[in-house]
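I'd like to ask you about the structure that follows.
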Amino acid sequence: MTRRFVMEFERPLVELEDKIAELRTLDLTDKPDLATEIAILAQEIDQLRHETYEHLTPWARVQIARHPDRPKTTEFIEALFTDVIELHGDRLYGDDEAIFAGFGTLSGRRVVILGHRKGKTTKENVRRNFGSPHPEGFRKAMRVMRLADRFGLPIVSFLDTAGAFPGIEAEERGQSLAIAESLAALSQVAVPVVVAGIGEGGSGGALAIGFGDRLIMLENAYYSVISPEACASILYKDSSHAETAAGCLKMTAEDLVGLGIVDEVVPEPFGGAHNEPEAAFVAIGERISAALDELDGQERATLVQRRYERLRAIGVYA
Amino acid sequence: MTRRFVMEFERPLVELEDKIAELRTLDLTDKPDLATEIAILAQEIDQLRHETYEHLTPWARVQIARHPDRPKTTEFIEALFTDVIELHGDRLYGDDEAIFAGFGTLSGRRVVILGHRKGKTTKENVRRNFGSPHPEGFRKAMRVMRLADRFGLPIVSFLDTAGAFPGIEAEERGQSLAIAESLAALSQVAVPVVVAGIGEGGSGGALAIGFGDRLIMLENAYYSVISPEACASILYKDSSHAETAAGCLKMTAEDLVGLGIVDEVVPEPFGGAHNEPEAAFVAIGERISAALDELDGQERATLVQRRYERLRAIGVYA
Amino acid sequence: MPIADWFKARESRKYTPASDKSAPAEVPDGVWVKCESCKHIIYEGELVADQRVCRHCGHHFALSAPERIGSLVDEGSFVEKDAGLSPGDPLSFSAAKPYGASLDKAREQSGLNEAIVTGSAAIGGHDVVIGVMDFRFVGASMGSVVGEKVARAFEAALSQRKPLVMVISSGGARMQEGMLSLMQMAKTSAAAARLSDAGVPYISILADPTYGGVTASFPVLADVILAEPGARIGFTGPRIIEQTIRQKLPKGFQTSEFMLEHGMIDSVVPRSELRDTVGLLLEYLSAKGGER
Amino acid sequence: MPIADWFKARESRKYTPASDKSAPAEVPDGVWVKCESCKHIIYEGELVADQRVCRHCGHHFALSAPERIGSLVDEGSFVEKDAGLSPGDPLSFSAAKPYGASLDKAREQSGLNEAIVTGSAAIGGHDVVIGVMDFRFVGASMGSVVGEKVARAFEAALSQRKPLVMVISSGGARMQEGMLSLMQMAKTSAAAARLSDAGVPYISILADPTYGGVTASFPVLADVILAEPGARIGFTGPRIIEQTIRQKLPKGFQTSEFMLEHGMIDSVVPRSELRDTVGLLLEYLSAKGGER
């Protein structure tokens, strides 16, 4: 496993791996003891590796969800869809590259694709504002949702954002209105809506294109009302308690199945989707197709009514 | 008649009026001949006054339509409506003060009011951009049109603009889309729409809130595809031919009745509405109420269909 | 619990409800308040008579839900619904301070079971469904119960075809209920979309402060959006924006007046005019409402 | 007049239609054109083979309506409608140059009766209603006939539930028909609103130049708006804006790319890809179109 980027929770493991890699460069021909020691160390490392990756903590998953090499919306689209046509602009103010909207064909099925779009390079990330949309991004998504509704195309939405952008211009142009209107629009589109959480699911900015008739999530994706850091800084006045907050917030895919919000957890390759993106593409593609199959042939009114009932059922009270 | 502002076409008359006013300050007790001359001159001035104002040329009417003391949308609203509530904003970008939108009550009838809004003072005019809207003005109008449609309130629209604002930001924010979408929205609102041309009717910026089920115009209001000056500068490369262009463009209320675009010409007080605004308020108020009476009780679908048929019938071809 | 009982409950706690000028007798003597804005010292009796608006500078103090209802609806017309609906602790949230403890404190301080009071009432003679948030209850954040009560209010307005009036103030989504809170944004927005689709009037009133996930849901989906003067309204809180962009925010940023200037709300209406304005708006919106 | 006849009529005038690379034989020999953009001298045969796109700099030259139809629709599929519809002179407009004379000249130069050609065709196997404007005819300005033909095309698309494709280029409303022209903006927008309401797909393609009242009507009401690279698109012409604001306009102002950046159009598509893109869009928009 070669790593371009080491996550915090991997550090103990990586240090050992580096050490053994160094040891292995030594000439051991006349040092049989050392060879044995290395073999034992290797076994311990294996052990640690399994411990590290097989019981990932919520905070570790957040780090994986944010891994720079984690496959992004753009790559999922490239891998899974043919005949892609991107649609630009909100017809009001601008074209927000932090959100992708367009047409695509998934295993022969014509659909509308939405998704938060982070970049792979710094340059891309600057243009795409690191995947954090302004109001015009949500308004573009809404416009294309309505196209989907008009023309009977199912919607497939990919979630991967730290959240709607917190800036002056975003507030000036109505971040809250854009999100609220997107929520209202998404609740009313009379076509199947399948949502795939593939990375970060940050608050209202994720939710604006982030609910529907099926919500599937990659194993290490998260979806949360607030970032663990912000939660910690409110509760403890100290963002270093983010790890605790990540656990308390119940933001992992598995937790959210328990809360009745997520329908299905899609397993990731060992250690995270960045280790084997192709496997993640295939797994997500299959689950989206299966979900669309299930939703096929439902009446327009039934779809909308059931989506409303799904939402109405969310909440715990006495 | 005291004048704060002299229009170009009034100048010969005003010069004579000034002259006679001066003469009348003289002591004529021992100058009976001069007194007689003055009486004759007064008669000639009367004659000229009638010639000037009773057969107003199109270009003269354009000047009257632009007269700074001509009653504005705001004054019509104040004079005719009670219980006025202004509604601000397009919920997208801004609140354009060049367009008024709100609720008002006309002789007991609850309606939605739209209108281009020029100012009376320079300060007001700066805030209201001299009545020339940006895209957000049209989008506000559209939003309030849809409220009218939702809640079954007739729309009364006052036209008084030199046109949509020709500026960089207006283009950036989609002046053409805002106007087109406003046209589409206005064609579809299923409530009575009565439009009153009270001053300038400049091109697409007027049209965006400027057609409906009845279109009435004050006698000296104009409504034109292009300003006479711009037309002259295109045709003659010289805007001083504006007078000729004003005639050729058939932009007066009377001309537009002939072309089947305007339903009714509302007479103005002698010399123009600025001479007696109250009379203009009453006349317009009566005609709007009468038009709304006529449209009362029509089915929603019938209204929309007839409005479409009205538009469809406009045009001359072989 | 009917509204009258609250007033009783709160009197016993020496908390003073806003009320009409005609009822200053209810006010305990000798209580003085310093205006947060102009620093004037105001006699509590005056403040109550003025619906908690500073008569020196016009600053609008927060109203509790009962005070708000008293100041907005026709006297005696309010009937509460779903008063008993109470929050659980679905995440067993215990970071820093256990959620359960926060709830207990909120209940005790406010005399309420949650951060919103809903029911039916009349305003200017118009029957309405109404919801009023109360900032004293965990910052009027929206968790499962607030979302549920809001959704039920929308549904009641829809099924009875009665206009809905919502008075908002909130710090945002309630993080102690995690994603359950976030999803209330979608739930309430979906409920609002259905009401809108049915052509039933909906008026919202934004009071200080209205922030976060709450702003970005049902409050801004109204047919007419009003705000009180000087109310702070926004999506992201100012401190987080300052941290992100590393610069000071302009003066007046995220106030009602800022929202008005940027086209996001219909009107800024002083508290003293709210009842009449809402009544008149209902006249317009109910003229032929719902014939679709 | 069927499309084939035009090509004949135009050949006789030594005007060269754009066509597929497979048909360079139609091109007269020895004609050279200087690229307006890069100043390269281009052999007319090359230009025609490239659908009038400069192979040196990518500059898109104007296409006549017949050329555009040839480059966009499936071969032999176009059938014209309303070809005979001709403009009158309802205002007896005679300022500077009589309208009648302008029309005569336009007819002679273009071989057309008006600035738009409408009819039915197929694109990528999809039956469509199509309209194509021709800038040679009084700057493709919109008067009564253009408005009428556009409205009829929308109505044909609606009654036959066939997608509509419009290729626009226009200087704006035709001032020689005064308010009759302005009202065509409302008429065509109303027709577009009805088509949209019925859920029938509508794609527009904006070519250089698209300005004024025409831009602010049916072209921008499409479900999908495409534009050719470098096309000048706007409401107010650049000279009038410069006169009004008394400053130079920024480079690239009011181009397709500017419109894209400002969120007003869906995509900028080079001419060589237009046919395929429109065909594919029709696949999506027709998937289950109109089930409403």
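Each chain gets a letter, A, B, C and D, in the order it is written, and its residues are counted from 1.
As a working rule, a contact is a pair of C-beta atoms (placed from the backbone, for glycine too) under 8 Å apart; a residue touches a chain by one contact, two chains touch by 3 or more.
On a predicted model such as this, the values are computed, not experimentally measured, just so you know.
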Shared chain contacts [chain B and chain C, defined touch]: A
Chain A and chain C: spacing of chain centres that average the CA atoms, whole Å: 34
Whole-Å gap between the CA centroids of chain A and chain D: 43
Between chain C and chain D, centroid-to-centroid distance (C-alpha), Å: 54
Junction residues of chain B - those touching two or more other chains: 91-93, 173-174, 177
Residue numbers of chain C (touch at least two other chains): 196, 220, 262-264
Which pairs of chains touch, using the document's own definition: A-B, A-C, A-D, B-C, B-D
Touching residues (chain side chain C, partner chain A) in the complex: 85-88, 90-91, 93-97, 143-145, 147-148, 151, 173-175, 177-187, 189-194, 196-197, 212-213, 215-221, 234-236, 240-241, 244-245, 249-250, 253-254, 258, 262-264
Residue ranges of chain B touching chain D (in the complex, touch as defined): 164, 166-168, 170-177, 179-181, 183-188, 203-204, 207, 211, 223-226, 230-232, 234-236, 241, 244-245, 248-251, 256, 259, 261, 307-308, 311-312, 314-318
Residues on chain A engaged by chain D in the complex (per definition of touch): 83, 85-96, 103, 110, 136, 140, 147, 150-153, 300
Residue ranges of chain C touching chain B (in the complex, touch as defined): 196, 199, 201, 220, 223-224, 260-267, 277, 280-281, 283-289, 291-292
Of chain A, residues touching chain B in the complex: 91-93, 139, 173-174, 177
